[in-house]
Every structure is written in structure tokens, then in C-alpha cells.
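Have a look at these structures, which come just after this line.
You will see two complexes here that share chain A, one where it goes with chain B and one where it goes with chain C.
The block that comes next holds the complex of A and B.
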């Protein structure tokens, strides 16, 4: 069997996720040995666009061009992977959905025409995503593990437990106890709790856990003196589109929620 | 058991002697109290028990079980280190006892055994419960130490609990004086540590009061990470990029509070409901372990309550539970 044909692409994003692939500099030559890295327009000149076994896509759909590229990649690949927070949850660019047009229109450097009928959305709002490597930026080792798993035929399971698990194992004391608005309890880990290790609270960049207790998280933030505007803003910064129930939860109309990376799966009132 | 007297001003001398022969691990105060390798004996903090448990010294947070290359398996050298642990409370010592049962009696876990083998356990008895969360007095704890230090106002009394302890007493004999005093069973009881009421909790599995806990539970796993007795882990492989047939099998702490803990092929999760997971922890700690080992797993240290972001106090919940009809 020949090598698996792999492509790494970016649509609307900051290229940081693609950089995370390259930041595996000690092993990048081994990756090229392992798979046929046929397309990686960010660092390669010749990039055939057909016949992939797997494409890894950074960024979110923010305009018509993105959508066209994404659909083309999906058609041409057996497997498609969302790389990074924009691709997985929509991240900061999707915040556009939660604010009025007047607030951002003047900041756009592209003509409104191109983005007008496209809501900024993660990849799985448009196509089937086979695997998610979340994070802003994603863990470079997790990208490597994925590629190795792909070749071995055993793709690692996504890390679905909250950030708190690794945080406590690292011997951190809890920032919530210091009154900080840490979103670790409702955020999928796998990041080694890097922010908390450095003294910063978790902002939720890896997206919600499947069984988050969102209602309790909101109560805890309120108990610590954060107002609803702050809570809304903070929770929506990275994963707003994956928390469509937030409004109901905040207004006390829903208590039990359940999500997956692929959006809401079950939702109790 | 034999008892020796240690003059208060000789404690540091004793620790210094230990430091000549062992790596000494003791409770030190930083942001919170942690068991850490000791440099200066003056730094030892005995005012309150450590926030983090002792278990990580024996049952590591993550460790390599073996390396593999194709079908060849290489188990790493498991060097054991001479370490003396000072300042372990009665709860901590019993937690070590329970983990010894799991990793050295039920099965022979070479990793745990190697880390545990040359460890010397020196306890420090609580004269009263140092934390409002303590409830060791409600549980069936036993003497389990090499040496146990009792703070008796004017002096320390040091009880010898094993042949290892005897060896230490002999080696450092010049520091100790003889005494005719004994430590009675009554003196081992710790005032303020028996707040968990005795009841048969198997009657309460379906009680509606569990909601009080689960409504405040994030399923974050802090309780099990901080618990000195929790011994669950998961394993996974990491392979080299230069040769994907070569790599390491590692294990990490895990927790029954997580859905991942019971997720099996086909994405089925056995304990999907938060309440099921919450109750599993309490029932394993107080009931299931006891069915097999005759003692509850829980040692009443209260760390799972102190460290819980919402301070869920399962002792309170249990104490208030009443038998429901129907």
C-alpha cells in the first residue's frame, strides 16, 4: 500500500493552526516520510487538489470562497479533520453572530458583498467532519498523534474530559477558589491545562465538554460577582455557536444540557 | 507497641539525621500545603494537613509502563529510592494502607511496589481535627506506620509500628530517651473527627437527596485527583514519529466522575448520568471496597470536599438522608 495522501489547508483563520503543524520541526521530516503530504499551500508551491485520504482544515467559513473551497476539499477527500478552534467551534471570528452589524461593518477589509449571505460558522455547519483537533492554537503533539494514528489505523480518541482533570493532576490549585472566571469545568481538555499552569483562567478555547453542567457554571460565575454581559461575552468568545442553549440557561429556562463537538445533541428543558 | 520519647528541641536534629540517610518528604507551606522534598527542617508545616495527597509518590500521575518495538516489550528499570515521609496523618497512612492492598496485595503492581518498597512512613498524630472537613474518626482506621509522632505538649512520644521503624529507632537511638509511657487506644481517637453518622448507606442508593450533590457537581474530577485512596487509571500508547511501531505505553490517573471512564467501543457509556457517577464514587469509597476488603476505602481526610469547587459535602448529604417510602 502506498502512503496516505494528506493535505493541510486553511480557509479564514490566522494560520496559527497550520503553524502548529509546522512547529513540530523536529519531526516534520518524519511526517513527510510517513505520509504523502501532497498539499499544504501555506508552505508548498505545488499542491494537487484531488484524491486525498485525509485533509486537515484550519479556519472557519466566513465567506463564499471559503464555502467553495471547503466543499471541494470534502468532495476530494475520504476524511476531513477540523483543525483548531475556528474550524471546530467558530472561535473569535464567529463572534460576529452575537453583535450588531453596525459594530463591525466599518472594520471589514473585504466588501460586505462577499460575506453578506454567509454566517461565520465552523466546518461542521456545512459538511461532515470526521475528526476534531480543537484548541486555539491546537496542541502540536495532538496533530502529530493524529497523523501517526491515521497511518497506524487507530486514530486517538478525542479528549472529552474537562480541563480540570489535567489541571488538578498538574498540582494547580483552583482559580475559581480565587474568584477567577475559569471555564475549565465545562471545557474539553487535552491542552495539559496550559493556561492555568501559567496562572491564567481557561477561556474555553477547546469547546464544551459533552456533559458540561452549564447551568452550574453560570451560577458559579454569578456567585463570583460576574455580570451577565461578562458571562455571555466570555462563554461566547471561543465557543458561542456551540452553546445555542446559553440564553435559555442564563434566563433560568433550561438546566440540563448536553452537547457534542458537533453541536447540540440532546437538550432538556 | 514500644514507645520512645523525643525532646521537642531534638525534632530538627532527628530530621537532619534522616536527611543524611534518606530523601525526606514533608508537608511544606506554599500557596497551599503540599508534601514536597525537604531542604530545611524549619520549613516543615504541621498546622494543617496537606491539600494534595501523598499518593503521587507511589501511584504516579503518569508513568511509562513499558516500551515496545514491534512485538518486543522492554520494561523500564524500576529503581527504588530510600525515602522517608514525615508528617503523614492517620488518614494519609491508612490511605497508603488501602493503596498497598490494591497495588501490592490484590495484584503485584511492580511500579507501585518499587516506589513504595524503600519508603519509610513517619506519622504525625492529630491531637484534634485540623480541618472542619475531617471525619477519619467515623471510619475504621488502623495503625499503619513505621514511626508515629505524638505531640504531647512538653515532649514528643514516638511509637514504633514496624521492623522498619524499629531499625530507625535503633539507628538514631542517641536522639531518643526511654519512657514508660504507652499510647492508649483512647489517645488515638481524634476529637472532632467523627461527623459522619453510622448508617447502612446501601438503603439510600435511590434516595432523592443525591440531587443535592449532583446539582452542584461539575464532574470535574477534582475530588478523585485529590483523594489519597482513589487508584483508578487509564492507559494509552504513544509512538515515535520516526517509527510508528516503536513507542511507550503510559498510564495516567483517571476518575469515575468522567464519562470517559466507562466509555467503551461503540461510544456506549455505562455511567452516563451525572448522578450515577457521583454515587459511584461515594459507594465505592464507603461500600464496594468494603465488600471485598472488609474496610471502607475512604479514610475521611475530607480532601474531596475541601478541593471540590462547589464544596459538595457528601458527609452532610448522607447524614441528612432519611429512608424514603416507595
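The block that comes next holds the complex of A and C.
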């Protein structure tokens, strides 16, 4: 059996996730030997777009060109992987959905058809995603273990415990206890709580955990003196589109929540 | 007879760009370089957010320059609040900027630019024959990334740098560790220089001016005046000199100074500041096959290689002289006002401007990235270099044009759409 045909693509994004693949400095030269890396336009000149076994896609859908590329990739690949926060949750660019149009209206201008804007959305709003590697940026080692798993035929299961678990293991003092708006309790871990290790509160870049208690999170933030605008803004910055229940929770109408993260498509078709 | 060359997806650059050239009767009738990256409207979405949230959000503009956007945003906000960072904070910020330049230049030189010159599809395809060179590149990238990780927890989208100081200061032993990493990387940087000096660059001269920050006695990083020679201005005056306009075929804006195009980046910095290079970088300059100032944009690759050596030496100096004191993050006194951050980042000069209200809420933002500033110069250079190669094969023309584009080290993720539009 030949090597698996793999492609790495980027649609609208910051190229940081593709860099996270390359920035495995000690392993990259060997890891690409494990597969047939047919396409990686970021660092390759010739990129045949035929039958892939797996494509790894960075970025979110922000214009018509993105949508076209994404659909082509889905058609041409047996497996499609969302790499990074933009692809998984929409990340900061999708936060635009929650801002006032007048905030960015002055930036809009006449554009040709092919680069016309669409609603900023993660990949699974448009196509079926087989696997998610979340995070902004994604963990480099997680990308490696995915590729190794792909070759072996056993793809690692996503980490499901909240950031708090690893944070405590690292011996950090709780930032919420210090009055900081840390989203660790509802955010999927697997990042070694890297931001909190660096003194910075979690903004939720890896998206919500499946069994999060959003209701409690909101109450904790309110108890620490944060106003509703701030809480809304902060929760929506990285994964707003994956928290459709937020409004109801904020107004006290919903207490039990379900998430739409990782393959469960509820509100887009 | 008319001939059209369309490059729908220029590979080996950050982001997505497209080039359209139409040749009629042996003359270039059209030459349009456009960003086809989707719009993300960063300047719009930070509006209404608190002053201390801007850098965390604008960092997402670009992966490879995330430190740059963080520091530019922080300096702009501190400028608006009338706060001057402590010496230690400033040195740490410079160190982080230099580390980022090391990893970014190494990535660009080896992974995006070099395969063109050696005739390969990609750097990975070069591995069997050029394994040592690639190991050098990866070591340089690892050094830059390692330093940023020590300073700011994450190498992409760093988190410890903040307004008013540093959330978690690196320990003194860590500074020594960084110093060792850098010392080990210096020989790799020097051989990178020699490698890029040995390449054959096409002969070409751009008509654009070479602008960068300039500061007395230092190869400017975070401070200085913007311009070239005696023609320069303070960052607070940038709106008077720099304007932006838009064409419908692209999702990025063109930027001009006094209606004239210009070049920013490693070659501009080197042209303006080469007198302040550190020891080894100066030695490399003597081995350099061309003389400075150079107006050939292809030389930007060699300039980046020289900067690699200089950045490593500058960073080593910082590690030797900096004794980390315990400093708490300073709490800002709020006031309304406008602030500008202007710093030298891997691809050139980066501008961030924010307006705050008296409660510390961002009411306006403007960001001008290096690639946006280079875009017009890049397009016009292509237009000017084309006539000299029209009789060659289409594939050859494409390769030469791509080489030219890549020598600018453009980042179309960055340039796309966050420029305020002014119709000229």
C-alpha cells in the first residue's frame, strides 16, 4: 500500500496554523516522509488537487473564494480536518457577527464577485468535518500526533477536560480567584494551560467543552464585577458561534446547555 | 497579438494573492497584483472593546508576525494613555521583536525564497541534497520560537506582554539560557548569509523610495522617525504623509507617501541603518556582493540574511546586560485620546493607531501593515521588469515574477482589509 495522500491548505486566516505544522522543527523533516504530502501551497509550488486521503484546512470561510476552495477540498478528500480556532470555531474574525455593522461599515467597499464577503463562519457550518484540532494557535505536538495516528490508522481522541485540569496540574494559582475573567472552566483543554502559565487569563480559543456549565461561568464572571457587555464580548471573541445559547443563559431563561462543538451541527445547514 | 498571464494562486507566500498581466503588441497593458484573502475587518471588530483587549485580538491578524501586532498595539495604547514603559519592559519587547525577526526571516529565506533559486518545488523537496542547510534553517526558527516561548509563554500569539509591563517575567537563569541558544545559532546565521550572498540575483532597480524607522546610534526597532535620510517624520504626523486608496480587484489597500510609492522591509532598514550593525553583521556586509544603499528589491533576501546575524548579536547583548528586576504591571490611568504605535517588524514598518474614550473603550482603530505599504511598489516593479523578459517562455516569466514577489516577503493575510478607505 502506498503512502497516504495528504494536503495542507489555508483559506482566510493568519497562516499561523500552517506555521504550527512547520514549527515542529525537530520532527518536520521526518514526519513528511511518513505521508505523501501532495499539496501545501504555503510552502510548495506545485500542488495537484486530485484525490486526497486527508486534507488539513486552516482558516474560516469569509468570502466566496473560500467557500469554493473548501467545497472542492471536501469533494476531493476522504477525510477533512479543521486545523485551528478559525476552522473549528470561527475565532476572532467570526466575532464580527456579534459586532455592530456600523463598526466596520466604513471598511466595506466595492469588490469583484469572486472576493465578495460571506458571513464569517467555521468550516462545519458548510461541510462535514471529520476531525478537529482546535486552538489559536493549535498545539504543535497535537498536529504531529494526529499525522502519526493517521498513518497508524488510530486517530487520537480529542482532549475533553477543561483547561482548569491541566492548569491545576501545573501548580498555577486560579486567576478567577484573583478576579480575572478566565474562561478556563468551560474551555476544552489540551493546551497545557499555556496562557495561564504565562500569567494571562484563558480566552477560550479551543472552544467550549461538551459538558460545560455556561450558566455557572456567567454567574462567576458577574460575581467578580464584570458587566454583561464585557461577558458577552469575551465569551464570543473566540467561539461565539459555538455558544448560540448564550443569550438565553444571560437572560436567565436557559440553565442547561448543549454545545455544537466537534461535529454536532445544530444551527447551520 | 495579446497575451494574458494569470497566476490565480501565488504559492509560497503568507496569505492569498493573484496576479493578472495583459500584454498587447509587446507592451504591458495591464498589471494587477491583488490580494484575494477574505476580509476580516479587525479595525472594525476591536471597536467597543476595552483598551487592554486590543493586542490579544489584533495578534490574530498574522501568525508569523503575531508578536509584532501585540507590541505595536500595546505601544499605541500606552501612547494614547500617556504612559512610558520601563527600561526593562522595553528591552524585553525589543528582545521579543528580534526573536520574531529571526524565526520569520529564517522561515521566509529557506522555506519560501530559496527553493526558487535552487530550482526545487519546496524546501522539503530539497531535504535529500540540502539537509544541512535545512537543519540550519530549522535551528534558527527553533531559536527564535524558543526565545518567544520563554518570554511570553507561546511562540505564536504570545501572551505575557501586556500594557504597562510583563504579566510573568522570565527568570534570570532563563535569560542566560536564551543567551546560549543565541550563541549556538550565530554560526548558522553567518552561513545563511554566505549562502544568500552566493545566489545570482537578477539585475533590477526599483523606483520606489526605501523607508524605515531611523534612530541615532541604533539599528531602529521600536523607536525613531520614519523615512529615509533627512526626509523623515515623527509617527504622530503619519496621517499627513501617508494615505491609502483602494482598487476593486483587490481586498487590500494601496498605501502611498505623498502620492509616491515606497518600499519597507529588511533592505530599507539596511539601507538606512547599516552604520549601526553589530560587529559580525558588519563583517558580513564586507563579504556582501553588492554595495549599499541598494535599490534592487531582489537583494531583500540577502538583507534579511544580514539582519539575521545582527538580530542575534543585538539579542545576545540584551541577554547579557539585562538583570531582571521584579516589576509589577502598572495600572493605567484612563483618559481619552489617540495613540500611535510604529515599530519595525520582519516585513517592514507596522502602524497601529487607536482612539480611546475616557472609559478606556476603543472608539476607532487604524492599522497599516508592511505588505500594504509594499503592495503598490511590488505591482509597479512587476510592470517595469516585464518588458525585459517578454520574449522568454511563459514559465520563465512566471518564475521571475514570483521570485520578485517573494523577495518582498509579502504577507497577504496581513494586508487584506484592515485599512480605512480613502478614495483619492
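We adopt the following convention: the second predicted complex is superposed on the first by the 251 of 269 C-alpha atoms of A that agree within 3 Å, B and C clash if a C-alpha of one lies under 4 Å from a C-alpha of the other, contacts with A are read in each partner's own complex, and residues count from 1 in each chain.
We adopt the following convention: a contact is a pair of C-beta atoms (placed from the backbone, for glycine too) under 8 Å apart; a residue touches a chain by one contact, two chains touch by 3 or more.
All of these numbers come straight from a predicted model, not from anything done at the bench.
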First, second, both or neither for A:184, with chain B first and chain C second:
first
Which partner does A:151 contact after superposing on A: first (chain B), second (chain C), both, neither?
first
If we overlay the two complexes on their shared chain A, which of chain B and chain C does A:233 touch? Say first, second, both or neither.
second
Give one of first, second, both or neither to describe whether A:127 is in contact with chain B, with chain C, with both, or with none.
neither
So, does A:254 touch the first partner chain B, the second partner chain C, both, or neither?
neither
Mind telling me which of the two, chain B or chain C, contacts the most residues of chain A?
C
After the superposition on A, what does A:197 contact: first (chain B), second (chain C), both or neither?
second
Partner chain(s) touched by A:66 [first = chain B, second = chain C, both, neither]:
second
Could you list, by residue number, the parts of chain A that touch chain C in their complex?
10-20, 22-23, 25-26, 28-29, 32, 37, 40-47, 60-63, 65-66, 91-93, 95-96, 99-100, 103-107, 109-112, 114-115, 117, 120, 136-137, 194-195, 197-200, 203, 230, 233, 237
Using the touch rule from the top, collect the residues of chain B that touch chain A in their complex.
31-32, 34, 51-52, 61-62, 215-222, 225-226, 236, 238-239, 241-242, 244, 252-253, 255, 258-260, 263, 272, 274, 307, 309-310
Touching residues on chain A, where the partner in the complex is chain B
24, 27, 30-31, 33-34, 144-145, 147-148, 151-152, 156-157, 160-162, 164-165, 168-169, 171, 173-174, 176-177, 184-186, 210-213, 216-217, 220
Chain C - residues contacting chain A, complex
9, 11-16, 36-45, 47-50, 53, 56-57, 60-64, 66, 103, 107, 111-112, 115, 121-124, 127, 131, 134, 138-139, 141-142, 145, 152-160, 162, 167-168, 246, 248-251, 411, 413-414, 416-421
